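First comes the structure, then the notes that go with it.
Chain lettering (A, B and C) follows the sequence in which the chains are written, and residue indices restart at 1 in each chain.
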Amino acid sequence: MVHKCRQEPSLVDHEMSVLTGSEPRRGGASFPRVSTFKVHQERIEIATRGRGLTDVSRKVQEIVEASGIATGVCTVFIQHTSASLVIQENAAPSVRRDMETWIERIAPEDPNAYEHDDEGPDDMPGHLRATITKTSEVVPVTKGRLALGTWQAIYLWEHRRTPHTRTLIVHVQGV
Amino acid sequence: MVHKCRQEPSLVDHEMSVLTGSEPRRGGASFPRVSTFKVHQERIEIATRGRGLTDVSRKVQEIVEASGIATGVCTVFIQHTSASLVIQENAAPSVRRDMETWIERIAPEDPNAYEHDDEGPDDMPGHLRATITKTSEVVPVTKGRLALGTWQAIYLWEHRRTPHTRTLIVHVQGV
Amino acid sequence: MVHKCRQEPSLVDHEMSVLTGSEPRRGGASFPRVSTFKVHQERIEIATRGRGLTDVSRKVQEIVEASGIATGVCTVFIQHTSASLVIQENAAPSVRRDMETWIERIAPEDPNAYEHDDEGPDDMPGHLRATITKTSEVVPVTKGRLALGTWQAIYLWEHRRTPHTRTLIVHVQGV
């Protein structure tokens, strides 16, 4: 479902190597302990084909790796209101098909249901579908990797019928 | 929809200016590099008029500016279970009206639908509406500003019929 | 609803005690100002009895206390796609019963409704229920405690019929 995915240059990359005092060692010797607190933020663009779920886990993991952060949190934020984020099953494609079918039932595309239709009949249900899913997902980072469960992937959920370019901000903070 | 909005004094404001070593410069000179890691937390109260969406983006942006943080993450947290947060379209008011109409259909105020009615018939649907929207929204900070998309605003969604005073905790962390 | 809850050893616990310069005092004296930035991450396992809400607030609060962090943010992340997180009312049990009844209506267990049924008829509705609730909850930390409102608790929401062991990552970051 990802057709092209252009990764822009890192927006910000801060490191603070901090001399945190000395650690006592057996025998009376000591050596300085250094921790590095890091802040890393990138913006990426994802081209969607129209309605559907696009797995962005690998792209986000690449940013986590670029950050050099071993332990921290990764925030993925989508700058749109008719596309959203969700963490769901990465294995059976039937799960994603059922998600689409179900959300069409809950927040249907129905020309008579909504007042707002300036941008077409698929726009307002897109806002509703984004409302009950996520604008940001926050995932811990453990040993340099997103701490996703075995069956989890981070999806960008396009709710509009036509292809769109969607912007995500990925922010990683930790040590 | 915001009638009054009292901002309490900053609860906490930490700065750590850290000498992170020296940066080599052409010609052999070097100068010290200093990064400042900051933690800033405020509590604000928002008075609502009863059911509806209140745009709190400007208040949150003011707190981000007060923090002095250029790159980081801002967490907005609501301390209630019958009011919630959502990031949605900031332009057409018809979007907000459709959101209200739709959520009334999905989690209706119906005296026969729920066991829990101690606090009135609008309370339990309020809990359900909060359940499928957000208790916290996490927004990256870029160049000292919330990295919201052009059409995004952060809304406090009051689900009770009567006016309430709602407390938000805004926490900003970064450099 | 919690039957056993095994807490594993802390995965990571970083401290950076930072000499942040000296603070001027009246009379011309000064003393060094030290801030400590901390990162603390633990993994916990929660045994569920099958469908229902398990209050995990106390376990998460214990981890916040173990971190020694006074001001920061706590991220709770669930590594599953048919169980989820939600912050809701901690008082009336009728609220939780109404939540279960309502979500069964919105995303019903119905053998004819879904294509995906490899893992039984309760699996796909579980994915849908997780989709509209949360995979992570982010709660500010204030004065060493989760900044939950008076009536708020953090719940693990098991959506499968049978008992499961669910893994949460709790990450606390701050000063």
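Criterion: a contact is a pair of C-beta atoms (placed from the backbone, for glycine too) under 8 Å apart; a residue touches a chain by one contact, two chains touch by 3 or more.
Since this is a predicted model, take the numbers as computed values, not measurements.
Under half of the residue numbers at the interface between copies chain A and chain B are found on both sides, making the touching surfaces mostly different. Rotation angle relating chain A to chain C: 120°, from a CA superposition, given to the nearest 5. Per-chain Cα centroids separate chain A from chain B by 19 Å. Residue numbers of chain C whose C-beta contacts span two or more other chains: 18, 37, 106, 132, 134, 138, 173. On the chain A side of its complex with chain C, the touching residues are 18, 20-21, 35, 37, 70-73, 86-89, 92, 94-95, 97-99, 101-102, 106, 132-134, 137-140, 142, 147-152, 173-175. Note for the complex: chain A touches chain B at residues 11-12, 14-18, 37, 39, 41, 75, 77-81, 106-107, 113-116, 118, 124, 127-128, 130-132, 134-136, 138, 167, 169, 171, 173.
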